[in-house]
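The data blocks that follow each hold one structure.
After this come two complexes, each holding chain A, first together with chain B and then together with chain C.
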Partner chain A sequence: MLRKLLTNGHIRCARRFSSSKAIPELTKDRYNVKRGEYSLLTDGHMAFFMNLLGQNRVINDPSECESYNIDWIKNVRGQSRCILKPRTTEEVSKILEFCNENKLAVCPQGGNTGLVGGSVPVFDEIVISTALMNQIESIDEISGVIVCQAGCILENIDQQIGEKGLMVPLDLGAKGSCHIGGNVSTNAGGLRLLRYGNLHGSVLGVEAVKANGEILDCLSTLKKDNTGYHLKHLFIGSEGSLGVVTKVAIQCPTKPKAINMAFLGVESFDSVLTTFRRCKNELGEILSSFELIDALSLDVVTGHYKMQSPIPQFPFYILIETHGSCNEHDEEKLNRFLESAMGDGVVLDGTATNQPSKMKQLWELRESITQGLLMDGYVFKYDLSIPIKEFYAIVDVMNEKIGKDAVRICGYGHIGDSNIHLNLSFKEYSKEMHNKIEPFVYEYTSSLKGSVSAEHGIGFRKSKYVHYSKSPAAINLMQDIKRMMDPNKILNPYKVLPESS
Partner chain B sequence: MARVLVGVKRVIDYAVKIRVKPDKKGVVTDGVKHSMNPFDEIAVEEAVRMKEKKIASEIIAVSCGPAQSQEVIRTALAMGVDKGIHVEIPAAEYETLQPIHVSKILAKIAEKEKIDLIIVGKQAIDDDSNQTAQMTAAVLDWPQATFASHIEKGDKELTVKREVDGGMETIKCKIPAVISADLRLNEPRYATLPNIMKAKKKPIAKMTPKDLGVDISPRIEIVSVEDPPVRQPGVILPDVDALVGKLKEGGHI
Partner chain C sequence: MLRKLLTNGHIRCARRFSSSKAIPELTKDRYNVKRGEYSLLTDGHMAFFMNLLGQNRVINDPSECESYNIDWIKNVRGQSRCILKPRTTEEVSKILEFCNENKLAVCPQGGNTGLVGGSVPVFDEIVISTALMNQIESIDEISGVIVCQAGCILENIDQQIGEKGLMVPLDLGAKGSCHIGGNVSTNAGGLRLLRYGNLHGSVLGVEAVKANGEILDCLSTLKKDNTGYHLKHLFIGSEGSLGVVTKVAIQCPTKPKAINMAFLGVESFDSVLTTFRRCKNELGEILSSFELIDALSLDVVTGHYKMQSPIPQFPFYILIETHGSCNEHDEEKLNRFLESAMGDGVVLDGTATNQPSKMKQLWELRESITQGLLMDGYVFKYDLSIPIKEFYAIVDVMNEKIGKDAVRICGYGHIGDSNIHLNLSFKEYSKEMHNKIEPFVYEYTSSLKGSVSAEHGIGFRKSKYVHYSKSPAAINLMQDIKRMMDPNKILNPYKVLPESS
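What follows is the complex of A and B.
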């Protein structure tokens, strides 16, 4: 009983009750969007869905629909009056076939944890929720390949395959809620990309349903299969605009026997870069995560959630994690690295541990920042890939531009992947600030040849900015592919691609 | 200033899933991550804070168990404890080591080291006994302040707020005394790198129960260890009549 008490401490409670914001304005009111020429939902349509799925798996009560209409950061709100919960690929196929014939727009939805408004309707699109498609179909302990339905929650998959000595190749703060289908559709990155790579590499196969209802079975469990175009990549990262992912086959790495973590304090961003180089040199093959947290970002969790920082205040903090097969070896490597980094004065203070409870606490410091920022008020979030030398400069630039008008301007993130999460929080939303920040942030990023959306995707909120990171020729080809695969534009409309001329 | 003794126990880390051994004689500990009992961490933290406030002069951490118990003593040293004592107990005898034995060991060490305050965690998260503090106080005939959530030290006495079932109780007791730390006493510090490195040089004395004249022959025999029963899923019933029927069936009404 006491073990449960300790793990369900006040921090977890704060997580559940922290979203105190009122519901957001309707997307159609806040943003300048026009509803496409889609059919309106009729009783006849509803009757078809009820017939197909049964009463319990069709939601049309307005108050029940609300949570499906609002995104996790409470930025956008749609007006869907129909939430569907299929259990099988065949049901998804029949739904899409019907919607395509009747020109009904749909919005596929997994865990609804996306940060760019891609997972909720803009107008009255029918939500296709993968919540009930949550079966793991097979786990191959020798090859490490698993096959599961799109609605499996990432953390659940990790726990189940953990019993067989495997782990999912990606990890992110939303793991307790996000669905693997959503992760694949958005090509989610996360905390371990540094070590285990991108989903384009670890996803071996995808089963998806096309806009016209045709089931496309590319569900291979083979690591090597060069027989024709690699179609699965069409669905990895296209955010539900080319098809609805229904099953995935993933190559899962072995669960490491030895996990170690260090939380370090350094004086300057230069020290961060020096530490990173030394890490790669001295920890090399065992390094699995290298995350940056600036002073104001840590203040989010020590302030709002009263979490404990392991060390006194420093301008920058680094979170390092290692994965290996032998604890003695990894501890020795890590201790040697820490002793020399501290001896040389590059690292000023820190803590190191391999106790599961302590490591959980350290990760919570990093993973709770996103949610904690919401307590500041309204947050403008930017997820940028910037060349590593300039990585932090954008925070200073924004400070100069906006400075005291903001509650907080901070940066944290996957510095190991050159991916910064820039956040500007204000007491409330204002168009004036919005225009001061955008498109400046995107122009700045573009000038450094960076990405305006490193891992969060485009969704609804960034389709106007794709051109900052992709050439006109590339965007044209994307639109050609979209036209071919979804001629009626029913899949997740108003999102991902800019309006074609 | 008081000389303080802290008892620290090596237990399976609270974030790790516990598995029962196939022979049902215990839980799997091989290859499983262990750490200091969380309530003992709180005890250590309290002692270190006393030292920082110059209320305590020296802190000694004691752990009873096989060789690996030294790990938690090292953690205590890294948190600010001055020296450690490892009472070495072979694995087989450790299985049946009970608070009755530990309390006698702590009492003997307290006498040897001229200790004024003993602080231990209120209970260990593996056996949940909640007996060591009380028994140690009885052996020494010292007052006990258990479930402490706030401690104030006067010249010759302690004022301790205790969390009890009915609410909060404030007591005064003379020193020397035994204290058991409860969850809200403090938030333990992380061991930081400079201190982890310093701790490597701090001494850990080794001794056996025999050296202390304590008999640790087993008083109990572990008959079996089993998983708690699996929680049965609920059933959705169509109407009130069905509910009443099921309640009658189960003998509830």
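What follows is the complex of A and C.
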């Protein structure tokens, strides 16, 4: 039986910085990193930047620099004393040309919402922030293609093109802060990849600036263009280590006329899988999200934020969303699926809605988990692809290994993409616990031929674990590409690739 | 008013080699190419290959070699006297390692259905045929991921996985002959890209052998894997010039439970665009194809093959296909759309069907055009991406320029992807006409910021036109990549990239 969503749930959704006020240890100390042989910033360098951008777009006051030096989950902290805010591709080009000639390391930064320490400096790298590159340049309503600067905030783009009947194919929890250039650079996945595919498929073109300042115009707005190598993919997911993305062209789908959601409770992970198979079969083309939340993940938001769940407690919750062009048809499909799944006991309880405010509440239950976890204390976060049959076993494995020492060990994520977010929270960071969890968690994932970073990327914190998911030949080729495109290694150093011998 | 399809249409659909029996002039003569400084094949080399593969898998008889030397449209002809048929990745690896050490040029070949001369040798390159690498290695019914060797024929894969409720996301006219490795190497587009996206999105993993024989295992079967650079994209669409694709992993969608088609006649290209906009709006998520056929393109198949059109003559025909999970809903959507489009006169006549035999006939009308055109004589074929508003103007422009000298100037293609196939047929090839058409057709396309090769690739015949769609910086980077990955230039020489200075 379906029941209505409770409407008196207090849902807090404002995106905030970490709840903890403590600033993290310096990355160089916590992780014992050695600074590369880059030049030190001089007054002469600063004068060049001031002259290029003007005083307002060069930040060097230590307290103002701080938020650019610390990542969102407060795990890493750099010491940059130079934050640059270009407005145009040409300015980015001049900055990089100068930095390359002067062997100054740089760290490109978008909304700084990354979870692997890729978007903040490790030492004193110059931060190139895309914050002021925030213009949507064109929207083609017939083809659905938009072109925008790298610093546009995802949610802002979605709102603006929504007025023209389009939607961004990408959606993720950090949408209110993250920049589209950062999304592309990290090949962000998110909540609706199941339906709308990945960015390698939907990004039609990229403009990027190479390490030497050369502007590479691959900003095609065409769906099909087989004229030579598909260079844009070098920048999608290489986390700013091969070039700085300055503009992107994206194929945007038509905004759905009908959106429906369901929030279901099931008894076991097997029931989750059964529900997924049925969903794919019965909802077919309208299924846009299939998300898993385990009991302890939901407890994060019902506990810390006092949000209310619309159904009683179950071991697993499933959040389903459909996007379609005819509400009558979509409701019929969804109701038929729910009646059959609840009728034979696979789904134990559930609620369905297409009221915008209630759907927003359901999404907030899911999207607030990441942030809520920070209130536990320190969180070890893993973003793993694991073959679907073994998807959830890792939570049990970690429980067995760590158990009572943790505040919480939980898993949630994108079942439809075999992507689990495994989280282990503790009152505070401890090196000992760190060593107990890693590299075990990566070894385990590797043994199942999974990926040690499904969508968050490698950044600073995972570079030594790449080999768990990539062969030596692949890593060698990555290093060849890096040498070819950035011989002075100025772009986002200490990240993405394992140190070369 | 909808009318039934005529059932007495004689439709010939067997895929054949070109109707003309004449063999083309040698490529080196027709195109005045100079052979690169590669070694000449010796008895010693042949002995190595015989020893590796056995006598049956090394072809050197000149008459047997012929079909491997001539492309499907009989435009180019090489003179290879050594065709190799490996069965395994390891054999490909040993062949390439040997060829690289001995500076022997190679030409990887799949089904040899390419249209730009990319799949046949230009001189005496050794042909590496994937014909015997035709095993499907795994099919995962839950995730929809399949892994297969490069030489699997597209249609065979589709049939085999069809039994498990899956379909290949790619479909094209040459499906009965083309190899999946060739599809991936050329980033083939096809008839349903509109719905299922491009291969950069749906290929999850690639195994490829580098020029030096090194096997690169990027054969991930995961939907999400952000562990370093996304190397597989180097091989998708680089036409065998950076490595030989030996295996692919593909994300396959659920086979639709309901398929419906409509074949419509409209008066003008403006009506085609209006119909497309309405279709996107009203059919939404179930629209899987939206194809345009102009009057002279349909005349190819009604004329040469005596196929019958289900509706009377119109300036433009539109073929629409829907894929969905509920036939009742899909029919309702399609009928609603057709009634409204015919009711107000945008669509003048049409037929709709979901009977498999009739749908097959409709597809054959569309898919037989390419082959039928060859019966006109010699065909200049262009595969252009052009912004949708100006999509069809190029046919008028070419008519004005060439007019009466041609047997036929016609356009058909994938409106949904802004991809037009422009064809100009003549009784026979003439250099003079060639020069009248090219580079004009490319200059015109470039002036509209289109692509001079939407889906067919660059191959041999278009390498000097790449600059019409790519910037000098992009071409330089392509050449850097080629040098890095294939320093001896043994892989598919004379193709893809413009000659470097």
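One rule holds for everything that comes next: the second predicted complex is superposed on the first by the 482 of 501 C-alpha atoms of A that agree within 3 Å, B and C clash if a C-alpha of one lies under 4 Å from a C-alpha of the other, contacts with A are read in each partner's own complex, and residues count from 1 in each chain.
Please note the rule applied: a contact is a pair of C-beta atoms (placed from the backbone, for glycine too) under 8 Å apart; a residue touches a chain by one contact, two chains touch by 3 or more.
Everything quoted here is computed from the prediction, not taken from an experiment.
Chemist: If we overlay the two complexes on their shared chain A, which of chain B and chain C does A:Pro310 touch? Say first, second, both or neither.
Modeler: A:Pro310 contacts chain B only, not chain C.
Chemist: Now for A:Lys358: first (chain B), second (chain C), both, or neither, which partner does it touch?
Modeler: A:Lys358 sits against chain B, while chain C stays out of touch.
Chemist: Counting touched residues of chain A, say whether chain B or chain C comes out ahead.
Modeler: Counted on chain A, the partner with more touching residues turns out to be C.
Chemist: Check whether A:Val407 is in contact with chain B, with chain C, with both or with neither, and answer first, second, both or neither.
Modeler: It touches nothing on chain B or chain C.
Chemist: In the overlay, answer first, second, both or neither for which of chain B and chain C A:Glu339 touches.
Modeler: A:Glu339: touches chain B, not chain C.
Chemist: Just to be sure I read the superposition right, which of the two partners does A:Asp349 touch: chain B = first, chain C = second, or both, or neither?
Modeler: A:Asp349 sits against chain B, while chain C stays out of touch.
Chemist: Considering only the defined contacts, which chain C positions touch chain A in the complex?
Modeler: 142-143, 186-187, 189, 193, 197-198, 200-202, 210, 214-218, 220-231, 233-234, 236-238, 242, 254, 256-257, 273, 276-277, 280-286, 323-326, 329, 332-333, 385, 387-389, 414, 417-419, 449-458, 462, 466, 468-471, 473-475, 477-478, 480-481, 484-485, 496-497
Chemist: Considering only the defined contacts, which chain A positions touch chain B in the complex?
Modeler: These residues of chain A touch chain B: 1-3, 5-7, 263, 308, 310-311, 338-339, 342, 347, 349-360.
Chemist: Under the touch definition given earlier, write down the residues of chain B that touch chain A in their complex.
Modeler: That would be residues 13-16, 33, 35, 38, 123, 125, 128, 183, 187, 189-194, 196-197 of chain B.
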